[in-house]
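Next up is a structure, given as structure tokens.
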């Protein structure tokens, strides 16, 4: 029998399958791999962000700066590539380093001064968005052969669909996230800190250092998401990705991670992100919802899934109890 | 042995100040290799603080600490661990959301190519538990086990670390006789291997059983270090308290001859819950103290929680003076005049951010409802009375309870129930971590309450305590009521026999 | 029956809601099955929507792009699938071959028109304040740039202060209040240029509460042509508004129809609205609020 | 001089019975909690005055107070209402992201009722408040009874609520007229804006309910340790629900004020992102997001800091694109100055310097 700690993950999987199944049942075109490929591509940056966010949430914190980071990295890349004529790969490197440093800075303040992550990263969110405006007020294209090659790269799937470069970066990130979470001491320490920070400290875990690393990691992942987003649209826009932090948090939570920290799964986050994407796709396929009903339905579905997940988790436990 | 001994760990002139409190002042302490060294003192004397200063949890404000002759400055417990100081802190300080295995192996998982090898790690974890003779599912979340099991896991973890110095801060507080025996066996073995062990406890017979030397602290100052063999218990107590202990009347309390007159008759009838507790029936009346004995996991805590409505029972009822009491929530139990002083003070007891006064007022206020606030003057009076009566060491009554020493937190929770004047009070391990002086005060206080007509149910792993004041003893075994003892039957031997049968 | 997908930005303003309603009504009139998707102000959602339309094999797509850049890839996909895309109310910075046509007005031109009107009205002598739209949005950027380009030609026209009121009424009111305080109780201010009508309406209230008379002591010109601004103009509270035409459905559907019939379609179907003045305002208000 | 350390005479630490507690006047950190926020507010206001000398001018125009200082209080009224509700929710270790949407909903209900019915203003106000209370009830049930984590539970209403508000108004700004409602938005009573009076009454009322009954204690107990509170006989779930209901009510009052201010319900934008400012205010006021303590008065000061900052930026004439950076920087500084850890570090630093100096 599966360990009960995996029930939330199973519940997420079940919900995801249910939703996808509904789509295939309702719309013929939904079973096409084109839709699957799009899901992986269109939600790549969200899922990458959410993986970094998973670590932050597992540690008991939160990172609201990720959306602004995505926008800022885009603007920065545009400036470097189009403005300075730098090769995109070098710009990517600079962006990732910047993301890491900025995350580390926030982590430093959070860990050393014991200030709430919600507020520090909120300030970080304001700051990065403000920096976007300083560099550039307009939306600008990022023109470079490498960028178009990245955007155009695709591995065909059976059917009409394909796997894009963004999707592959995302899948690789999920793998890396899985390994970090489950096969490194750092990963386990993050779980421990989220479970009980004081105890973790007393057990000899370097809490401050680990927290700084967590925000660094989130910074790098959100910067990577920014890179993917910039390549995906081959452009930069200072108002891009507004509110993505909330989507990422929702993806993490739908994926079965507890916001209080200490329990959760990177794999769950992947499916959580996919669920968010499927909701969007279903609404677009349906095409009959007006603006306000769209919002109401998204909220309602969010509610429905969380309740459903609860029920599934509970019935798993019930099954186990019955068996033993 | 003592003459060949060599100092491993020493602290000189250590000072530590918290806002409003001088927790440690000019304390010297030295630990030899191959000795078990008791660190004793009243609640709030500064024992845990000394340990935390040595292991780098708190930065020290004065003094030096040396290990093997070299001065050390651990910035956090992890560094102390790396230096070879392994510690079990007071309270269970493990991570409840992680599995048992992970708790045991945190920061020391076996790695292959930089990645954790879970198979090997699980093996090591099992090995670590085996030394304590603990056979539990290491993949379950630690939080699903009782406090005692968690305590054992914490000890197993500390012992498994390859250390020069082992520090145990009240490790025996929630253990029963068997586990304590196992623990002592391990301590002796480690001592033979040349480790220095610091051992904090409030059980003086344990001190005399295993320790070689004793260091006593009082009010954050050093009283002295003594050879255990040369220090009579009465002197030890005087050193700790700085006064003579009021004599603890050792003869048992007797309920008045006609308990039924007093009212407050509690009848528990067939109270049970599937997979948790087989139906239990028990009766007690005002003025009576019933002890609840049993092994770890025998169901004492569960019974207490069912009676208090903390969990809902599947079957059975509780009657107060022949009227059934609705027990769907603790609130209803409290309205009926019940009280429960829980076993796990960190999770179920204290509200750490609130002050002593507020924590003490909480249950009484909960019973009165929000519309009838207890006037501030009354709250202050309750708090001051309790601080005096139980000897709660706190600079002022507004100090956040989370910052008190463990024993003093326990006193605050006890005070919470005492001021709420219940008719039926359940105490689950009430004197855990409470010092000898206060122990006597508390027992006296409880007796006074019983004389006023309180019915009391006390679950305790300390058989002496049960023997000392219970009129009757209910013994639980395997989540079932095994026997009841009363009157002259109540002796430690009889209880042990009933438990172990 | 024709199936057309419409990817709308969102519903952040009354103007946009009117646009959506107008396009839906037009589709209904023509018996078109309109698949509507609201992107909640997010480009990524719009890309998702367009891809969903492609997956479903619609006959045409209307796209009201939230930003100008970043559409090349998805437009290419639509083109490969043989689905014509019509941009409504805003343009994109992509190769013109990737879309069928653009049905939109020109934000820069709107700004320029507002400035020209003001210059004419004040004979080129005016110290004014500007209420910007959301920082970074193309409407704000272009309306600012267009206005500035005209003001630059008049040495005696000066923008004293320019702050963002986020395109909202309360934003416009709050920013205007602080402008009034910073500029000597409003005595230094000759006119307000607001990037949309809602901010202008907020400014009107702020001016009134400061004890001045909007439309007289301080001239007000704004853009969008929402019903309420006509009422304000009729009451003499504001002086001019440039309409942003929300009725883009008909020309857009016409274009798709034409291209299906193999006819040529111009790359930019201009839908610029006129500048309205108080003299016709009462009548216009009746027309708009009646319907 | 920092006097963080030990201010009592060295009479030991009350280790023996009866010694502790009598001398309850030892200065604890909490009694100086107000210092940081108040200093921050004064500093921001002084800087504003330096930037724009007209800042301190308060005069009487048309029989009411007029000036930037008045504006800060005036503009801050609605945020303060929301923040105070938020503070109570945060006290229970929760958070309410839906306040902006609740503002939109209550404003929409009010505007549509004014436009389409001839109900008396009192009933219309009650309906708007009722809508807010219902929203709070929904949040509370999700958090307390369905055990959904507060951020997510209220995120649901944050998303859906704006949709509901738009549905009520049909996505248009519903404008209305009426002396009563215009007075709420921009009327004055003996020179003081009505909205400030309303906010003050609501906040004072809440303060009284929280601090003059045991409710505040219960809220803090539940936020500090919900399990322990339940075992102490407190209806932890009920308290949580109540906190969200209060937050919903406060947001509804704010929604009424905001709609009355612009004489219209802007369902699309009313209260947008206000939750962030409200949370910021609570934290700048010294509360922890981990629950267990809340300070209504300091929360109001937090609001004034943020509002003064915004007004200062507008007055300074700094281009709009710098606004966010300045805000981020100031918030950061205020938080750092306030953080106990940072103060402690500075204290240590000073003591070390003094010691070396001697």
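First chain written, first letter: the chains are A, B, C and D, and each begins at residue 1.
As a working rule, a residue touches a chain if its C-beta (ideal position, glycine included) is under 8 Å from a C-beta of that chain, and two chains touch if they have at least 3 such contacts.
The structure displayed is predicted, hence computed values, not measured ones.
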{"item": "Shared chain contacts [chain B and chain C, defined touch]", "value": "A, D"}
{"item": "Distance-maximising chain from chain C - centres being C-alpha averages", "value": "B"}
{"item": "Separation of chain C from chain D, taking each centre as the mean of its C-alpha atoms, in whole Å", "value": "35"}
{"item": "Inter-chain centre distance, chain A versus chain B - centres from mean C-alpha coordinates, in Å", "value": "44"}
{"item": "Chain centre separation in whole Å, for chain C relative to chain A (CA means)", "value": "33"}
{"item": "Residues of chain C engaged with two or more neighbouring chains", "value": "11, 17, 20, 135-136"}
{"item": "In chain A, residues with contacts to at least two other chains", "value": "133, 137, 291-292, 294-295"}
{"item": "Chain B: positions in contact with at least two other chains", "value": "none"}
{"item": "Chain-to-chain touches, reported pairwise for every pair that qualifies", "value": "A-B, A-C, A-D, B-D, C-D"}
{"item": "Of all residues in chain A, those that touch chain D in their complex", "value": "62, 109, 112-116, 118-120, 122-124, 126-127, 129-131, 133-134, 137, 246, 249-250, 253, 258-260, 291-296, 298-300, 302-303, 306-307, 310"}
{"item": "Chain D - residues contacting chain B, complex", "value": "4-8, 10, 12-18, 20-30, 212-215, 217-218, 220-221, 223-225, 227-235, 292-293"}
{"item": "Of all residues in chain A, those that touch chain B in their complex", "value": "3-5, 179, 182-185, 188-189, 191-192, 194-196, 198-208, 262-263, 321"}
{"item": "Chain B residues within the chain A interface of the complex", "value": "57, 76-78, 80-82, 87, 89, 92-99, 102-103, 106-107, 109, 111, 114-116, 139-141, 157, 275"}
{"item": "Chain D - residues contacting chain A, complex", "value": "97, 142, 146-149, 151-152, 155-167, 171, 276, 279-280, 283, 288-290, 320-329, 331-332, 335-336, 339-342"}
